[in-house]
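Sending over a structure as structure tokens; questions will come in a sec.
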């Protein structure tokens, strides 16, 4: 693969996103590709299958439109997640009604199984065994097997058409570095998709400026890099709920 | 004269959980009451806190002005501090720690628990399996941690018991719970039995049994919680 | 687990090594725990099962005694490796004779399968599927299965009693950092053994001095740390074949 | 007048391999002749070299005084340089790159090759499976790379052919070879056939067919190698 293309806007980064594509969306609190998701919201893309930790909620802020909004707008066909519905009765309603009336499919997956299925997709491993979920509804219909006297279920790999990634640093070769807990699903999702589009917090540096020992995702996986522009969303202030924006 | 009845609040329940951690344990704290445990651990315990999102070695909740938007616990929203020697891994590597069996105890919230060590914490209905719910990492943790501690209110808001002979909600794991800390009691789960170990101020064993949906065996060491 | 113990000599680090243990040995050129292996040679330990990339050759230098020497001395019962015999007829003889007369068992594993089996051992994954080796002798007797129309073989996890590790940097919490290609099998082997003993090139620093984002192996996996003392072997000069030693 | 017969040396064979790399390819170079390929790639090709040991983006062999003991290629002994933008991963992650199918071509040495794209490079006997041999990463690479290029002498030291209708040694992969570069010829492997594309200086198609153990189809573009 040649070096990743570097584009100047989020809209350019997601241009040509095909209908009926599958999309990996990282984030567990921090580490969400907020700006790419808002740009995807502005395209007409529909019929998505998404792979993410949770489904989330709708946002009134156009710059914070994300998976919850796409789901509620009927643009998502299937969600694969560790949280497909709120556990709080008071917040029930996000995706449940759509699932109930058949317009949305859901696949609920234990979080570690979800992570390992993604990692396996990036590893060319079609299936593996895990103890998670044995003896519960989530193992229903799955193949069970004993190893060393303990029961495991077989789980299969996930691989997507697209991954949207949020990185802290990147170089022109596409090498990525993440910061603290913003790492979460990013490195594994970056290996498990055909098109890997990355929004970057810091200025993109020349190849060679990141120590090869400190790279979290090798650049060979990366298709497109875009720096978060001035005014773009860096993160959400948890106290105020307001977006904290890129200033320079 | 009997002490006034005083259920434990969330912080006190977290403090009881903290008292039940052994030296040098690797501990995972789930969303809810458990995430508060990090504020009650002492440096002498040398506990390493592990979070699903790959933070290994975090400390107490961040105070005002200390918050780093990129450092959160399993809640994904609470800012925490990092202890010296902390390390970050990605989500798959984080669950490798869990699945390999390195977590000495996972502390989770729950809706129901039974004397066989089964518990329910991910789904509030018994509707047929419809792929809706919030599992998070609870099933991975419950299937592989050496012990499961639960923190939960003793009863539902409607006054129904949560400690039952058998969970009526879909279970998160069919076994593994060893300790239940509620607002009224500390209950060990051993050999298929609930063993009432401690009570909240003012509550007698009879008071607690009356709001419990399963038989409680009274520990010879039954005593008032000390928090 | 409390913090790893820090000892001052290689002999102390391997003291108590039990007979009939299994041992992971990393290294692919650089990254070999040379000093720990030489210390193991000095113990009476025998009956080993080893997991490594290759079996290697004997060395005349007491400081470079390693797996090849243990094998030829009859102290190894089984080798699991991607190179169990030399491919060069002129060097045949190292372990072949022992296998032929039944005193040594060998398990030859494709290198990527070996790496993934080790990684799975550290991941609590008992088995997985890989395309490597399908249609060859190495897949003989293994369970085959189709996923998406392609054939894979099932491979099972490896987990050992001990791993000897070579790190570049370490802190008192046991966090490890590797340098360049000396990383190779080290990070995965460090997660796949009950006792993880680490020889460290640089002075061991206080916990907190290594950036959490740059840790390659979290300290929770590490049992014992020992810095390579002055005079200890840092690496082998490839031109001269001589040991390059720690000078300060 | 006919050109003097001049078999290709190892460097020339590596140079031919380098000519057959596409722009921006991710390439894995095996032990032996292939590791020399890194010296013949041009910056314009933008090739990313991947090695089993987790070095991604290395460059030419290190010159004298340039050697870093911690930077080696698949031989585990040859020092190489790193290109700007190089990254290091561990052994499992390195084989994830391979297994996922990201390697555009793997260049390997071999003992035998057949027109069905099968080849043998890990065992020199046909003794029953005895778990002895040196596979290294060849099987992983061969099963997952988009193409396999082989570099090998056209004949054994005893003058036996290595390009055969069927491999007699245990195969490394039952299919996948697309190009064979020998000291005498460049042979494409397509649709179950050996297609003779190029010859070493002075060698005719007949000369090459005479030392080949399988039928060679002559390419319409059959020509002298240009290295």
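Lettered A, B, C and D in written order, each chain numbered from 1.
Just so it is clear, contacts are C-beta pairs under 8 Å (C-beta built on N, C-alpha and C of every residue); 3 or more make two chains touch, one makes a residue touch a chain.
Keep in mind the model is a prediction, meaning the values are calculated, not measured.
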Subunit D and subunit C - chains in contact with each: A
Pair of chains joined by more contacts [C-beta pairs], A-B or A-D: A-B
Distance from the mean Cα position of subunit C to that of subunit B, given in whole angstrom: 38
Distance from the mean Cα position of subunit B to that of subunit A, given in whole angstrom: 29
Whole-Å gap separating subunit B and subunit D, where each centre is the average of the chain's CA atoms: 57
Sequence positions of subunit B contacting 2 or more other chains: 82, 88-89, 92, 95, 98-99, 144
Subunit C residues counted as touching two or more neighbouring chains: 116, 123-125, 130-131, 179-180, 183, 212-213
Touching chain combinations (by label order): A-B, A-C, A-D, B-C, C-D
Touching residues on subunit A, where the partner in the complex is subunit B: 28-31, 54, 82-87, 89, 95-96, 99, 105-113, 115-116, 118-119, 130-138, 140, 179-188, 216, 234-238, 244
For the subunit D and subunit C complex, residues of the former touching the latter: 51-55, 67-72, 75-77, 79, 82, 88-92, 94-95, 98-99, 122-124, 129-141, 143-144, 170-175
Complex contact set, residues of subunit C against subunit B: 1-3, 122-125, 171-175, 191, 206-208, 212-213, 215, 218-221
Residues on subunit D engaged by subunit A in the complex (per definition of touch): 23-26, 46, 48, 50, 56-57, 82-89, 92, 95-102, 144
Contacting residues of subunit C [partner subunit A, same complex]: 116, 120, 123-131, 145, 147-148, 150, 152, 156, 177-180, 183, 212-214
